[in-house]
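Chains here go by letter, A, B, C and D, matching the order in which they are written, and residues are numbered from 1 within each.
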Amino acid sequence: MPGSTFGNQFKIMTWGESHGKGIGVVIDGCPAGLTLCEEDIQKMLDRRKPGQSKFSTPRKEEDLVEILSGVFEGRTTGTPIALMVHNKTQRSGDYHEIASYYRPGHADFTFDMKYGFRDYRGGGRSSGRETVARVAAGAVAGKILEELGVTVRAYTESIGPVIIDTEKPNFSVMNENPLYMPDMEAARKASAYLEECMKACDSSGGIIACIVHGLPVGIGETVFEKLDARLAHAVMSIGAVKGFEIGDGFRAAYAKGSENNDAFRMKDGKPVKKTNHSGGVLGGMSDGSEIFFKAAIKATPSIASVQETVNRNGEEIEISIHGRHDPVIVPRAVVVVESMAAITLLDALLENMSSRMDRIRQFYKRD
Amino acid sequence: MPGSTFGNQFKIMTWGESHGKGIGVVIDGCPAGLTLCEEDIQKMLDRRKPGQSKFSTPRKEEDLVEILSGVFEGRTTGTPIALMVHNKTQRSGDYHEIASYYRPGHADFTFDMKYGFRDYRGGGRSSGRETVARVAAGAVAGKILEELGVTVRAYTESIGPVIIDTEKPNFSVMNENPLYMPDMEAARKASAYLEECMKACDSSGGIIACIVHGLPVGIGETVFEKLDARLAHAVMSIGAVKGFEIGDGFRAAYAKGSENNDAFRMKDGKPVKKTNHSGGVLGGMSDGSEIFFKAAIKATPSIASVQETVNRNGEEIEISIHGRHDPVIVPRAVVVVESMAAITLLDALLENMSSRMDRIRQFYKRD
Amino acid sequence: MPGSTFGNQFKIMTWGESHGKGIGVVIDGCPAGLTLCEEDIQKMLDRRKPGQSKFSTPRKEEDLVEILSGVFEGRTTGTPIALMVHNKTQRSGDYHEIASYYRPGHADFTFDMKYGFRDYRGGGRSSGRETVARVAAGAVAGKILEELGVTVRAYTESIGPVIIDTEKPNFSVMNENPLYMPDMEAARKASAYLEECMKACDSSGGIIACIVHGLPVGIGETVFEKLDARLAHAVMSIGAVKGFEIGDGFRAAYAKGSENNDAFRMKDGKPVKKTNHSGGVLGGMSDGSEIFFKAAIKATPSIASVQETVNRNGEEIEISIHGRHDPVIVPRAVVVVESMAAITLLDALLENMSSRMDRIRQFYKRD
Amino acid sequence: MPGSTFGNQFKIMTWGESHGKGIGVVIDGCPAGLTLCEEDIQKMLDRRKPGQSKFSTPRKEEDLVEILSGVFEGRTTGTPIALMVHNKTQRSGDYHEIASYYRPGHADFTFDMKYGFRDYRGGGRSSGRETVARVAAGAVAGKILEELGVTVRAYTESIGPVIIDTEKPNFSVMNENPLYMPDMEAARKASAYLEECMKACDSSGGIIACIVHGLPVGIGETVFEKLDARLAHAVMSIGAVKGFEIGDGFRAAYAKGSENNDAFRMKDGKPVKKTNHSGGVLGGMSDGSEIFFKAAIKATPSIASVQETVNRNGEEIEISIHGRHDPVIVPRAVVVVESMAAITLLDALLENMSSRMDRIRQFYKRD
């Protein structure tokens, strides 16, 4: 029944509800000797902070992270790292009404059915605030990856019908628009689209893409623990994600073998793929090309339009959800996708260390 | 580093290579008292058997399953169930040539990089034959689900560009065509398309869809162990799967909240959703609607067309892969998808039993 | 590499160092609907509190537990329960000297070798304070067991050479002496023995026994997950525990089969054992008798006597450890043993729910 | 509910019953590149073979192991290694009678209570034959340890009241007596004792000790995954084991701190312990001394003396168990203890590889 634990060698357990005392994560299995301070984590958390643009809720969450254990004199000690963000703005009153009915597109109904009741304040454990813990853990994983030469970068590919120029993304402008789109023209159009949605008391979904550079070849395990299967698990576990693709994804289903196969050529004395339809994974193991995957994010279910639903007494009612809700969560989810990817990749990297006798012998060799 | 283990309460470990002695699986955690015989498993294995049509390899694999343990006097005993299928046609000679180079779209290169060498006979552990073990375990999981009133049905939605009538699939004809398409007209067109592919020494991909009926509400865990995340992991771990969608999937990324939300109404005294854009999962837990998901399958990478690649000596070469290869693996993968879904759903059902104190008290109550 | 995670269905992850910000635990998999408040946990923590007698350190640790998540309106919600105890008395200065050398009987040397350095303040993660988290989680597990009719009671069997009357323990006096001995005469003698130890700048070990009543028959799994094997793991993972016995333990090695076998007789219409040499476990499953096991606790390694050791510069030195150290940790470890037993037994109880088809069918039956 | 899976990075799943088709194990996570053939495993299996002396059952089990997967051209490939031993002498008839009653000291009763029925043939899954799989997997683990300079040696310390000279064990004679005692005089006395037991239709227990040399410092994890806790789990999971001690074990409970602490001195430029009361583990991590532990084995419960028990109809009866049963299982269990130790130590060694950033950087460094 445990559902808030993830990873094998770099294992995390997250906790906390939207309107409880805070959100936290414990990392069990972080290697010793990593330089780590709260600022390393804070800068990632700030990327998911609401209130940064007109398209995210005006709530002022400070989301200041505190390292509670596992770091001594600026370095990780190899023991569990507990991270916590206190909840500052707990206005439970706002949410009391939703206790009585089931919001469409939310987990209210399933929570009640599974557990018999629920912490209805702001979605409780199903709130988007849960992702604070993912980002905090992801910041630690990402810092380790960085030291190993691996970079993970997620960005917004589309908002509703507005898609970036996928042939030529311009990452230099990605942080210049609040939608994290690597295409200023698309960002402008997406903004206009979102304003329409807001006027119509509606919301929008979108697609997040992610690119990983520098991963050594051979990371990921065959059969059930394929790297792409684990990434799919990690990314699909983020609330609101409805689809996952590696490489060409669903387009691969329409292509022929001659189109989809990536030929190998030699470059700098090493085999490299000429194309990357596979998205950097062959047989579940990294193949030396960029890892490339996408996640489909559904529209925020909390909308002010009138919706039909039922209440706990079994009565059919109509509701209209007001309050502080993002018309789109895609931009804030970018860093969450990046974080889950970092956690997954690091875990696979650490596990891979015991794959070969020659390397194990080398590791433990004595003089 | 273990990669061939899957599941928590219903845990499986698979083994075996394409041209080794056989393929097998051990199931640790199968409940006691299930009536089980080899025929229960054989009938599922027969669905993935090659040589059933002109679109699958003419190899005659008998794939007879043997129950080696865990069943006594026709019932499971609660101890591990070992299942094995002997490999009959081991013509390693056919494959010796591929030892020297890296086939595009295959795991040859990544295996060599990860492990230093590989069992090159027929793809070794990365062969499609590995799925025999998934189907054998899935047959057991499926039989248990059936007794609990849960049915899992996968089918072919598309082959290359040929898509079934998704509004009105006709499941009664699904087994009347070798492509497992619930639409005879589409099956005819897809056959014609595949014949073209074969003439062109090429291959095709496609999409498999899966529907689950009868799953109780509340199955799956919040946060990382969401039902859809686990299904994604399970399905993406099948070789050749490049994408996964739950419910509307990527289409949800383009829809507005007002379009994507599923309203609740009362029916027979219970809340039910009017639509099912969510694919039967809300907040990672089953919501009482049909579970509906899709998997994108890439085209068979083994094609007779000339392809560029490199060999182990670092020389650029051209190859053309001959031998017994399916021009499309989608039809044979249908039962594999169904099997992985069954294993995942059963595991989640068993884990869910400890979710509520009232039910645990009831379970262990004494008189 | 993760080492601070325990359990399968009732999974805990602990964190915190002796002189860090606090000690905590997250419980992932606690069933929903359990009435739980901080006082339920506090009363167990108070049992391991130091400063309760002259034989435990005079440090005044308040050890107030805070529930950070997972409880709503007085009941567990099924989501992770985070518990935290802030460290109040962090006088790191006391410990600065020990940074430079390796205390005999402590983990200073092994920490340095494994991780390259260590948080030397008060033993860091290897401090006895780590057990605060075990007791907090154990309090939750114990409360659930209690509701299921299972009671777990640990007590002090011996301190140094002083052993209780093992034939007739008197549990009514157990809480009337600070050593938790169910024998006032033995407690008096043990007190005298400890005073001698203290005068001699020395310390003492002892034995803790534990009895479990009310566990249903059949809990625990065959082969590797035997109930006694899991209890051994749980109890041996407590710092300072050097031995574990179930039932007659090492005495069984000297007995003959005719002496050690427990005959079955009928009682109230059920098979019951006439004796309990087995300690309540047969073939790794509970057999309906009391579960009975023992743990050997070594003497506190921090003693004021002069000891030989080496420092980080590789110099041989002599040290004498002063400060606030218990001359015996056995009494304070009693509740820790009880807690680990409770966690282990609950986990096994929850896992056992999926052992039989008839019970699963009953659980999920629909009308 | 799975109970036949063990280990994290070197994970094994075992299967098979006494009188089923065979006994097997799958190893998931064995590093690639290990030279391995059936003879490597066979020689270990031969050590547990019955019929080698008058104190073990005269059954002629050949116990020939077959490697079914994971080895190619004499080397492990990194994929699962399936090992199987066919059961040759399946005389189920011998055992039919025991189907109806519960043998004292056996798991008959608990199996029936847990699962509703049982495979009664020869103890089914609870038979000592189950250990064939442990030894097969242990042989692989032991071979890897050997290549890393780690040796594991178990031996018989006592049979009933006959104890070896524990101060001066003579390992050169250990294999010269069928009891695996490193003391010929003790072996003679133990033989005489066992003959008495047999005459009296009775059986004997004993103690097995195990010494590990060459393990690097720092293996094992702090808190729950302490090396000694994992060894305890591994060893206590062997049927008939009733107690576990590391180092001085229960004697440590009687010693003072000044007696039990191991002083550090310098030797060859490294800190070493002067004594080894700790048994080679400090704080759950190997400390560079020999790992030393003991296991208490109960007397064989199958004895020809008359015993009281009940049958499945709830009638009190008297039974006398005839057939081929060892009067002592200690000698045959020696290799089983050694195997479980090897599996546990290897798993801990592999997991330890990700403990430090400096070593991870070194492992993955690029030029």
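Points worth noting:
Throughout what follows, a contact is a pair of C-beta atoms (placed from the backbone, for glycine too) under 8 Å apart; a residue touches a chain by one contact, two chains touch by 3 or more.
Please read all numbers here as calculations on a predicted model, not as lab measurements.
The chain with its CA mean position farthest from that of chain B is C.
The interface with the greater number of C-beta contacts, when B-C is set against B-D, is B-D. With each centre defined as the average position of its C-alpha atoms, the distance from chain C to chain D rounds to 26 Å.
Separation between the centroids of chain B and chain C, computed from CA atoms only, is 44 Å. Measuring from the averaged C-alpha position of chain B to that of chain D gives a distance of 38 Å. Shared interface positions of chain C, i.e. residues touching 2 or more other chains, are given as 1-5, 8-10, 14, 29, 31-33, 78-79, 114-116, 125, 222, 350-351, 354-356, 358.
The residues of chain C lying in touch with chain B in their complex are 8-10, 29, 31-34, 76, 78-79, 144, 147-149, 216, 222, 349-351, 353-361, 363-364, 366. Interface of chain A with chain B (complex): residues 1-6, 14, 102, 104-107, 109-111, 113-116, 125-126, 130, 158, 160-161, 197, 200, 202-207, 217-226, 228-230, 232-234, 236-237, 239, 242-250, 252-266, 269, 271, 274, 278-279, 282-288, 296-303, 305, 307-310, 314-316, 351-352, 354-356, 358. Across the interface of their complex, chain A is touched by residues 1-5, 8-11, 13-17, 20-22, 24, 26, 28-29, 31-33, 66, 68-70, 72, 75, 77-82, 84, 114-119, 121, 124-125, 350 of chain C.
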